[in-house]
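All chains are identified by letter, namely A, B, C and D, in their written order; residue positions are counted from 1 within each chain.
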Amino acid sequence: MASFLIGAAGFILAMAALGLVRIIRGPTETDRMMAAQLLGTGGVAALLLLAVASHTPSIVDVALLLALLAAFASVAFVRSTVSRAAPSSDATALK
Amino acid sequence: MTVALAFDIGLGILLLAVAGWAVAACSTYAATIAFIVYGLLLAIAWVRLFAVDVALTEAAIGSGVTGMLLLSAAARLRVIEPAAVAAGTPLRIAVGISCALISVALAAAILFPPDVVFTLAPAAMAHLPESGLGNPVAGVLFVYRSLDTLLEKAVLLLALLGVWSLAPDRFWGGIPGLQVYRQRNAILIFFAQILPPLGIMVGIYMTWVGADHPGGAFQGGAVLAVMWILVMIAGLRDVPPIGQRWMRLLVVVGPVVFLAIGLAGFALAGAFLGYPAGYAKPFIIVIEVTLQISIAVTLGLLAAGPPERIQPQ
Amino acid sequence: MNFALNIFTVLAVAAGAFFFLAGTVGLLRFPDVLTRLHALTKADNLGLGLIVLGLLPHAGGLLGALKLIGIWLLVQLSGAIVTQLIASLTRQDGSRA
Amino acid sequence: MNAAMLFGLCGAALVGFGLFGLVTNPQPLRKILAFNLLGSGVFLLFGVIARRGAAAGLGADPVPQAFVITGIVVAFSATALAVALLLRLFEATGQATLSADDAEEDSR
């Protein structure tokens, strides 16, 4: 059972790694912002599987933290793009 | 066992690939995203090394807060990015070779371990029950090596002082230059209203379980800091000016309480940072709770940066 | 009973893994940002839900199971909101999408 | 070959990557990032030492783990200070370079 669960965790991580190809290639920055979503969901799934496979309930807490921080990272990605699009009030006035 | 090893090999290759991307990416923005992804993956690697406490810290501080700091700096510095001149190829090759040599030397140290494995785990476990704690890492941090932890708090405070002192004179006591959403975004505001209550609960939970299970004041404080930053970014609450008294009090309350209990140790237990027998756990909980508040505020202010404008009257 | 539960876990986890596969295929193959975003969030959240479902019998009691469900709900919630945020950004400057 | 050794090799390679980025990358922000990579490689080596010291029913020696936790917090403090310095330099001079030649050209 443990082997199956770790295998599933590896498969999901491999899927997330494949998805990273899209993040690297872009073509737009919006594609890049999905990185935290991709790794957040995949990482949480992999960690939950590892927690059950290794009988270590505290790993569930790591998954919980990862879920919170992936959400925060997404907001940080979006913010850094927006603040660049309109760096100051002068730039908006020029438009 | 072979499945687990295959998992570790895959994770290791992925880690190295993402790290390579972070070093080699063309744009700083892409490199920073790679760094955040790397941090999330590294947390999984720490789990595989049976270091759950470290995994929590790496995810919260190593990836979360550091990544956000680098992202906002990258967004600001983007205008001058093309100006940088890359190093010449011969230099890159030479540096590459020397770095590879260093890696090989370290790898050799890993591949040929000493015959006698040195460990402090039995010693740490032997006296852990006296402290009332169940988590050996918390035991090391707050009982055996509490001086390190106290000094680490001093480092955080000094870093904050250093960041603040970079402000131009006219902005001293002003508002940190954390970039917030100029136009209020309804979705983001909704997010910043709904996530922090959950996050605060998780942060307090992290600190509370830290006594017996992986977790603790650092991880909990980092979660609180992240939630505070989210609220400030969304524009729900203003970034407070650094001159504000309540905020400065919150920044120092943890280290001051820690130091006070440490000094009280001279009278109560006969040693600096000693706890009176039987009362170790209540003292440690008081230290952890106040530290968590201070860590949250300090991390948030470090991420917000030096003051860049003064409070409008 | 134990055997039946294990079968249930294997099936649910395998189905969940399949949805992660689907999400990644969508992310790689779909033509524009909004569809890719859709594929990623929808499929991955469903995949995570199935995996959580499969792990429930092994969660170690009611509290552990509730924690797993709580994490799934948290990911759902933040995923939905963040997707909205990214999508609204894409629509604001359609030229770059 | 076991997990500890594997991640140890990973950490050794990461130190090399980080050092390479630190030396060759012309932009200070990328240097800060590379420095963090280097640091995490060193932490990973510590993690391997901790894992090897597994005893007394623990999965890993708690003492190196506590060092790494302290190290991560200190590394963050240093990063925050470095980023603030860099942004201040950018504000004061309109550029962010560590190259002495560039600075001289500017002052002329």
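Methods note: a residue touches a chain if its C-beta (ideal position, glycine included) is under 8 Å from a C-beta of that chain, and two chains touch if they have at least 3 such contacts.
Because the structure is predicted, anything quoted here is derived from the model rather than measured.
Between B-C and A-B, more contacting C-beta pairs join the chains of A-B. Subunit C and subunit D have centres, each the mean of its CA atoms, that are 33 Å apart. A separation of 28 Å divides the Cα centre of subunit B from that of subunit C. Subunit A and subunit B have centres, each the mean of its CA atoms, that are 19 Å apart. Averaging Cα coordinates per chain places subunit B and subunit D 13 Å apart.
For subunit A, residues touching at least two other chains, in rising order: 4, 29, 36, 40, 57, 64, 68, 70-71, 75, 78, 81-82. Listed for subunit B are residues 4, 48, 74, 188, 191, 195, 198, each touching two or more other chains. Remark: the chains found to touch one another pair up as A-B, A-C, B-C, B-D. Those residues of subunit C lying in contact with subunit B across their complex are 74, 77-78, 81-82, 84-85, 88. On the subunit B side of its complex with subunit C, the touching residues are 185, 187-188, 190-191, 194-195, 198. On the subunit A side of its complex with subunit C, the touching residues are 1, 4-5, 8, 11-12, 15-16, 18-19, 21-22, 28-31, 33-34, 36-38, 40-42, 44-45, 48-49, 52, 57, 60, 63-64, 67-68, 70-71, 74-75, 78, 81-82, 85. Subunit C meets subunit A in the complex at residues 6, 9-10, 13-14, 16-17, 20-21, 23-24, 27-28, 33, 36-37, 40-41, 44-45, 47-48, 51-52, 55, 58-60, 64, 67-68, 70-71, 74-75, 78-79, 81-83, 85-86, 89-90, 93, 96-97.
By the touch criterion stated above, subunit B contacts subunit D in their complex at residues 4-5, 8-9, 12, 15-16, 19-20, 22-23, 28, 31-32, 35, 38-39, 42, 45-46, 48-51, 53-54, 57-58, 61-62, 65-66, 69-70, 73-74, 76-77, 80-81, 83-87, 91-92, 95-96, 99-100, 102-104, 106-107, 109-111, 113, 117-122, 124-125, 136-137, 139-141, 144-145, 148-149, 152, 155-156, 158-159, 162-163, 166, 218, 299, 302-303, 305-306.
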